[in-house]
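In order of appearance the chains are A, B and C, and numbering begins at 1 in each one.
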């Protein structure tokens, strides 16, 4: 019974949160930003956390999602959200194209190759007229219909993101408990051992990568719907990739709620430190932000959730 | 256990939030203006200089300056007379160089700081996302320096742009080159080198279009990625093509590398034009100004005669920065602020609709300009129709105005001398 | 071949030697401990600021700046090892990214806070300007940096392969427990590696500052290049990083000159992915 009490309470809190902060638009938006960050990091978690393939180039998928959404608006006049399925589908294809050559690489080589591919796509996007070149593209400036998802408050976004995140976590949970989750963990522990047991490591890594890419693209599409603009840096920039990794690692990579915990810490930290210190123009925001990440990494290298697990282990003892 | 902890944190967060969100009525004596600039990241230099320029502006309105008061009514001091002598309080926010942070901060300034209006946000992409929030909330947004054409094409009712845009720069250069051509200088072969982000791309393509219209031939066009690690191949390519006129559109990092590399490889064109940005950065002017003697630039800042508005503001600014003078970016920010202050004063209220109406009715004469504009008057789209640029030239480590004739403080000297 | 094309290639080679120079510290740590230092670019940045400070405060040129920067960044390296890296090595590989990324932001913006956002440059007269040799132009500061790049790479290679301390360091990198049984203290060797890497990185920064600009965010520009150079060459191979640096330098210069500067990064990244396709362990890495 206790097992469901805490998650249940948390879910209830998540459901009523926007109502609690209704008069504080910044906190309403903060809630939506946390969920959006958690979607991106949870998507990354499938391949980076469970399968242990540390991609530092997931911005490629994020950017594909964001650009797909803005492109269907710019070139076809559709509402941006209609571009989300397109972005996801393209990302699955793209994941196959990138994954086949790079997933053979081990450890840091894979990370570095994904960085290179990410930068490659970023530079190419800045030369493409179709994608608005370096200037980027904007979504509908003034909403035409409700489907343009242009709201005064962030509350609708909050609930949309909450639904998406819940579905993603549910899917991850199903995978985690199923055969694929077992294979992925085996690959993460020792790819050679997994292969010798007859696990088709390459295939399962690729599946995880494609699935992960699809949801990272969805995060990108949702980002575009909320912010209404994307350019090569805000779509494909390396910082977007790194943030997904950092968020998941901070909470606990390879664990269902790790990325969400990471987002719950990092996103408010980023926003509040910028709000409180950013205006001085002395760069203190990032001094604080960086120092806190360093401290967490120093004392909890396996992420914040390892605190909880440690306690659990003690209890069993 | 964890549930209660969480709840206390929640309550704490809410308390913190309400603490921040002071009601506007609590302090009638001040009016808040929200300012969004890049105060960290790659463009932080520009943001921090603009921040100081606005602080000078607010100080002049709040505490007065006798000399400036001869030209600008609001410089008498004691705040905004039309608003019960309310003093101006500037609330700065950092856009961190990302469109997302710009938009988040715009929302915070509007809903928590309860600012009467916004100024920002330097990079065009960030101005786009930040002003979208202002539009939805019905808060005036005054932009001083973003040049992307699409910003005023969105049908926004709360967006006002004071700065000249790319086409104004292109016309200024074209007019300048025509004069040089008439004076017998070679302008047959023109090369354009631009960085490949929004700024370099948009300004570059507008210049090419305008030049084509005016019969100039841009034979070489080189695009490069900003913050390059090396520019030797580009300079070697230029050396080989040896154009008569070279135009750079670069941020500071690349401006430094181009300047150093051209000297290393010992090549210079007859006329070197550098569009603003990096070549106007006070840090660049200070350390490399003597290596680009005779460089042609454009600027919204022209120091003018001693005792003129730009000159007086410049003196105050130099005191504030400890040596650096106003430049194109900081002066455009300052001008945007002065326009907003004037509108707030005439509105006589912090009600958004009244400020909006006052901004629409803005009609400032050239004598009150700190920037080198012919005045400020907005069209239906919110673009200042009287914005203009002057052409400047680097002389002995400082920019002097050489065109147009009525503003020039020195005759142009060519060819480009360099180091 | 036209003289200009020769100059492009020579410039590319010099540039490549500079890439090898600022990558050498990264490759040492990477190879020794399988740790990626995401703050590497910011170590270089601090080395550059050391040179700027030596010039502005003492009026000293590179010969004063190099030892100062080497000592400062070596100290920073050793401190980072004892206070952070030693602990995150106990966690998963991801902890390295987390910890060193946090460190990168911290250092970058501590520099921002202390030195301000403004770009700084050193006068080109510090290393004696430029000269002409066989019809080609050379910049003194670049030649010095390139030569030091070669020198430091070879020195590191020599230390690792020909000295007792080098074999001890390699023993620790192969198997720390076994090394410990043989009386080698792994932590001391690893701290030494961070110190050496820091010194090399500091020297790189101090030399690059002479022909580059110095700003708090300059490390970002250099870091990705260093990552690519090191994995291109193969982790742990100091010579590999040198060869990779030279290849990247020439390819960048040639593609910028022949195709267009926007595409030079594209070509380098494609080349990099291709190399990994055929040699997943990099050019000269161990399998």
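Simple rule for what comes next: contacts are C-beta pairs under 8 Å (C-beta built on N, C-alpha and C of every residue); 3 or more make two chains touch, one makes a residue touch a chain.
None of the values given here were measured: they were computed from a predicted structure.
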item	value
Which of B-C and A-C has more C-beta pairs touching across its chains	A-C
Identity of the chain that, by mean CA position, is farthest from chain C	B
For chain B paired with chain C, centre-to-centre distance based on mean C-alpha positions, whole Å	36
Cα-centroid distance, chain A relative to chain C, in whole angstrom	31
Per-residue multi-chain contacts in chain B, two or more chains	40, 44, 47-48, 196, 223, 225
Shared interface positions of chain A, touching two or more other chains	123, 126-127, 283, 285-286
Shared-contact residues (touching 2 or more other chains) in chain C	109, 112, 117, 216, 262, 265
Parts of chain C lying in touch with chain A, wherever the complex brings them together	30, 34, 36, 38, 83-84, 87-88, 90-95, 97-99, 101-110, 112-113, 117, 216, 224, 227-228, 230-231, 235, 262-263, 265-266, 269-270, 272-273, 276-277, 280-282
Residue numbers on chain A that touch chain B, as the complex places them	6, 9-10, 13, 20-21, 24-27, 29, 33, 123, 126-127, 133-136, 138, 141-142, 150, 152, 223, 227-234, 271, 274-275, 278-281, 283, 285-286
Touch list for chain C against partner chain B, complex	4, 7-8, 11-12, 15, 109, 112, 116-121, 124, 130, 137, 139, 142, 211-213, 215-218, 220-222, 225, 252-254, 256-257, 260-262, 264-265
Chain C partner contacts - residues on chain B that touch it in the complex	40-42, 44-45, 47-48, 196, 222-225, 227-234, 236-237, 239-240, 252-253, 256-257, 260, 263-266, 281-284, 287-288
Chain B residues touching chain A - in the complex, by the definition given at the top	2-3, 6, 10, 13-14, 17-18, 21, 37, 39-40, 44, 47-48, 51, 91-94, 96, 98-101, 103-105, 107-108, 111-112, 124-125, 128-129, 132, 135-137, 148, 150, 154-156, 196-198, 200-202, 223, 225
